[in-house]
Every structure is written in C-alpha cells, then in structure tokens.
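In this document, chain identifiers A, B, C and D correspond to the written order of the chains, with residue numbering beginning at 1 in each.
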Amino acid sequence: MSIAIIYGGTRKNGNTEMLTEHAIHGRQAERIYLDDYQIVPIKDSRHAKEGFQDIDDDYNLLIKRLLAHDTLVFSTPIYWFGMTGQMKTFIDRWSQTLRDLNFPEFKKQMQSKNAFVIAVGGDNPRLKGLPLIQQFQYIFDFIGISFDGYVLGLGNKPGEIYKDQQALSMVNQLFHKMV
Amino acid sequence: MSIAIIYGGTRKNGNTEMLTEHAIHGRQAERIYLDDYQIVPIKDSRHAKEGFQDIDDDYNLLIKRLLAHDTLVFSTPIYWFGMTGQMKTFIDRWSQTLRDLNFPEFKKQMQSKNAFVIAVGGDNPRLKGLPLIQQFQYIFDFIGISFDGYVLGLGNKPGEIYKDQQALSMVNQLFHKMV
Amino acid sequence: MSIAIIYGGTRKNGNTEMLTEHAIHGRQAERIYLDDYQIVPIKDSRHAKEGFQDIDDDYNLLIKRLLAHDTLVFSTPIYWFGMTGQMKTFIDRWSQTLRDLNFPEFKKQMQSKNAFVIAVGGDNPRLKGLPLIQQFQYIFDFIGISFDGYVLGLGNKPGEIYKDQQALSMVNQLFHKMV
Amino acid sequence: MSIAIIYGGTRKNGNTEMLTEHAIHGRQAERIYLDDYQIVPIKDSRHAKEGFQDIDDDYNLLIKRLLAHDTLVFSTPIYWFGMTGQMKTFIDRWSQTLRDLNFPEFKKQMQSKNAFVIAVGGDNPRLKGLPLIQQFQYIFDFIGISFDGYVLGLGNKPGEIYKDQQALSMVNQLFHKMV
C-alpha cells in the first residue's frame, strides 16, 4: 500500500504539515505540494458544444502522481472554515478529468482508493471544521473513495500543533490504520 | 441600500446567475464576476518576518468595489459540495486584507454589511449544500457580517433552475428583504 | 396518495402546527399528536437473550396508523436545536419495531414512503436547525424513506409564524409536491 | 473540580458507558443514569397564562445533583443519529427550569460549567454523529456552558468499543483535560 499526501497549505513546515508528517512517521509517501504548481481554475464546459479544452498547466501531471497510489491523505490548513483555495481549485478540476478521454479510467481508479483528511485551524477546529469534514464526505461519496478517517487539529502560531495532544494521538491511530 | 453580487461561477448565464438575477429582479446592483479577473491564491505570511507582500493582480480593485456596497450576495454554483475554487481563493485573500495597511478599516467596514448566499447544484443541493451554508455562517460570524438568508437551488443543465419552483419562490422572499 | 402528519409539539395550535396546516391547506390527512399518547422510551434489548419485551402503551397503534399512509410529514417545534423528546422517543422505538415479529414488513413498508420535515424554532432556525435536518437525512437514509423536502420556520410567540413569509411560501411549494 | 456523568443509555455496561468509564479512569464522579428515573416530557407552557406547572417526577432531583458539579459529561449511545429520547426529554425540561422560581440561578450556574460529549454508535459515528455534535454545540452556546471536547466511538455488539483504538486514545486525552 502506497501513500500520496496532497498538501493544500501555503507555508512550508506549517502546523498541518507537521501533524501530517507526525502521522506518516517516516514512512515513504509521495508528497504533492499544490502551492508549488500552476493549477488553473476550472471553466465549466460541461454544456459547451466543444466541451472542455485542454489546459496547459501542471494539473494533469499531479493527477497522474496521485493516481499511482492507494491511499490519499488530503492535508489542508483550515482557511475560512474550509480547505484552501488551492486545494479546492485542484479538486474542482476533477470535473474535467471525469470527462477527459486521456483519463478514461479516472473514476474507476479513484474508487479503489481510500482517503484520510488532516486539517488544522486556529479557531475551534474540532467544531468549526465539521462542515469541511462533511463536505469531504460528500466529495468522497460522489467519486466513490472510501473515507477512512480524519483528524482536526488546533494550531495557529508555527509549531503550536505540538501542544494539541488529542490531535497527535489521533493521527497516531490513523497511522496504524494506514499501514 | 446598494447591492454587490459576487459571482463565483465560470459559465455566463448559468443556473446560479439566473436564480440570482431572478432575486435581484432588475434592481441596480454591482456585479463582480470573479472568473473574469486575475486573483492570485493567498500565500500565508502571517508569521513571516516581512509579512504579506503586495500582489499585483485584480483583487484589491474587486475588494474596493465590494466595500462600496451595503448588501453582499455571494452567488456560487456548487462545485464538489462547496463554493467554487475561484470564490474560495477570493475569500482566502481576506486574511491578507485584514492585515493590509491600505485597508485599515476592512473588518469594521465588513461588519456594517449584511449578506445573502445563493447556491445552485445538481446533486440534492438542499441537503448536500448544507455544509456550504454552515461554512458561510462561520465566515460571516468571524468577520462580523450579518447573515440574512440563503437559497439552495437545484439545476444541472442550462436553464433547469426555472423548474425549481421552491428556489424561485424563496429568492423572491429574499428579494423583499433586500430592498 | 394519503398523508400522515406526525406532530411532535406539546402545545395545540402552536406555530409548527400552523405552518404545517398551511402546507396541508385543507387536504385530508391523518394527524398523529404524539403528546396525546403514552409512548414508553425504548429499552435497548438487541443483545439481550430474551430480546425486546412487548410494551403495553400506545406506540404500536400509532405505528399502524402511520404505516397506512404514503407520505409522512414530521412536524416538530425545535426544542434545544433538535426534534422534541416526544418525537425522538417515538422514533427510537422503531429499533424495536424493526425486530418485532408482529411487523415483519416494517422496513419494507417504510421504504415505499416519502417524507417531509417541517420544523419551527425561535433562534435562527434556518441556520441552527440544519443539524436537525441532517439528522433526519440520516434517519430516512437508514430506513430507506425518500426525503423529499423540508421547511425551517421562524416563530416564538403564538402566531408569529405568519410573519415568516419565506417559510409560508416554502410550504406552499412543498404542498404542490405532496399532492 | 468535580464531575457529573449524565448517562443517556438504556443498557447497563453498554459501549458508551464503557468508553466513558475508560475516560474517567477510576476518578470520583457522580453518575446519573437517566433511564433509572421517571422524567416526564415537557409541556410547553411558556405562553400559557398559568405558566409551567410543577411536575411530580424525578427531574428536579436530578438537576440538583447535576448542578452540584463543575464538569458535565453527556454520555449517550447514538440512537437514530441523535442522543437518546431519554436524554433529549431530560434536556427539554431545562426550558422549564429556566423559568422555575425554585431555580432562580439555573442559567448562571450552568454558565460556570464545562461540558464534554461522549457518544457511541454502530453506523459510521465519526461522520454520521456530527449533526449530534453540532446540536450539542448550539445547546451549550445557548445556555453558556463551555464545550470542551467530544469523542465519537464505534461500537455495536457488547464490548466492541474496546476495538476502537482511536476512540480509546481520544478519551484518554479528554481525561487529562478534565482533571
């Protein structure tokens, strides 16, 4: 079983990354830092005659890297009580991939995966992060990925996540399941 | 009372726009089509020595247009059970504006406004759109905007929103409150 | 198509009942006022050797009345951000009925029905009533009832619901669907 | 700091009780097993001339026991994706106590407390139990109790909770906070 981490954060070594790496605990994993790449926001062309147009950015490359793994960890700081815009823009593009002849097996491939969500925020994340978890539940249900667990951590200033004993102990449990 | 509509959609005259214009009913309003502008995703620099760096894109211009109005209508198609990446990227940038010396009154100005959300989706939006509404509730609570109402509409193919009698009748009620 | 209204309220002619009757609009319907009956809280006996014991109260009679109809309207004032204890106690007993040899077709019969929820509260019900709607969603999904719509109304003092134009117009739309 | 556990379950030594006692870890605590007492469902009399009528059941005694403690642990199996009817019926009565001249300080006393929720269910509780947590959030916000943490555990058959390592490790963390 191989792991891909999709990082939605915009600050290297942020609290969310720290918590996620604590969960991974030195295991091998493919790390995709979305903010390092150019990902163009989707243009809804489902109903356009010509359909979706190919986009010359890094998205397809990232999807290929993601598809090569069994377990997906969506790791995002909580911005405005949701995933980051970078991560949402990435997921929005799945609508295009679902109709992309170059990825004819996209949905089927996704359905064989399982997913975890790790999200860290500074404002009562274990309560105010719940709509984000529910959104991920609908996302995973829609595409058919098994949603196997999540951790909501508390952190604001750099390193503060290490004070959140509950989150640290929860990701340890996630880790056991992942391996 | 003046109205700004923040459009998060990526298709002109889409169902969300139709429903919103049905609500506006010919009234004067400032229309901000986020997808027509360049909005760079935020880089979290709250903890960086040098702080946030000025970004040369259209965001500040759009915020100024938004701030000139009393009522904000956030109008977004439901993509993956949330607002569009375009709209999320726009809202994420508020974190920078809150610390931008060029907008010293940003939070205070926002607190004098009231907001509505109009969102249209194709997959059971009145149930599966609820996490999005809860997210907006936390967003508005955080910045201090009064959340005065929302409508979740059902639509997939172009024009389908006109079959959703419940949504049409609900936006009519929103409209009465807005004016 | 015949309708049963399950009333969870404890005050006759309360706002929730008014809104529901506005929706029904004089149509024939079976009205079950839970508070008028004795319904004993469930004793979880799923894992007891002897299983569930017959209970001598009004519950089975009410379930029979409910089962005779195609459309179920769950109508409850919002108490402490949920359905009333009376309604919850009634629904909890379904766990016993699911295992009751006198109701061998209970689940199958329920699965042929559709349901609506009407709930009225005094504290921002269209936002703070959303967990209740999500709970009903899971309840209906579990037993297999189709969840066809809901209305959250605002009312505190007797009759105040008639000022909630949005709720009144929404139940009118529900009504059209029901018939 | 003294602890009261309000047990909503209907089966002695059920999974929820096991998880809660694992959290308490032998500490002294007042245990209130709601199902052992007679608690009459509320009759909404806020708008009645004569107001609420005294009820001759065990409720007031239980409230006095609860009020004597600083920390409240609401411990309930998840029935139909919510708290048990027994617990809801108990909480509904708070509306009467808020207006009861024999408890003039009820709200003020409650506001000095902090609360935890422990809930165990058999059907994906960490996702499908979220509306219950959000309901408790609104309940505690309304009365002014500080909501200091929750654990959602997975268990169906007797003793199954001991397989849920994540829940066990989470309640250990709750426990550290409680003391």
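We adopt the following convention: contacts are C-beta pairs under 8 Å (C-beta built on N, C-alpha and C of every residue); 3 or more make two chains touch, one makes a residue touch a chain.
By chain, UniProt protein names: A, B, C, D = Flavodoxin family protein.
Small disclaimer: the values here were computed from a predicted structure and weren't measured.
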Same-site or different-site touching of chain A (Flavodoxin family protein) by its copy chain D (Flavodoxin family protein), using the half cut: same
Interchain centroid distance [CA atoms averaged], chain A (Flavodoxin family protein)/chain C (Flavodoxin family protein), Å: 38
Approximate Å spacing (C-alpha centroids) for the pair chain B (Flavodoxin family protein), chain C (Flavodoxin family protein): 35
Chain B (Flavodoxin family protein), residues touching no fewer than two other chains: 130, 134
Pairs of chains found to touch, sorted by chain label: A-B, A-D, B-C, C-D
Chain A (Flavodoxin family protein) residues touching chain B (Flavodoxin family protein) - in the complex, by the definition given at the top: 9-11, 14, 35, 41-45, 47, 77, 79-86, 88-92, 94-95, 123, 128, 130-132, 134-135, 138-139, 142, 157-158
Residues on chain A (Flavodoxin family protein) engaged by chain D (Flavodoxin family protein) in the complex (per definition of touch): 126-127, 130, 133-134, 137, 147, 149-150, 165-166, 169-170, 172-174, 176
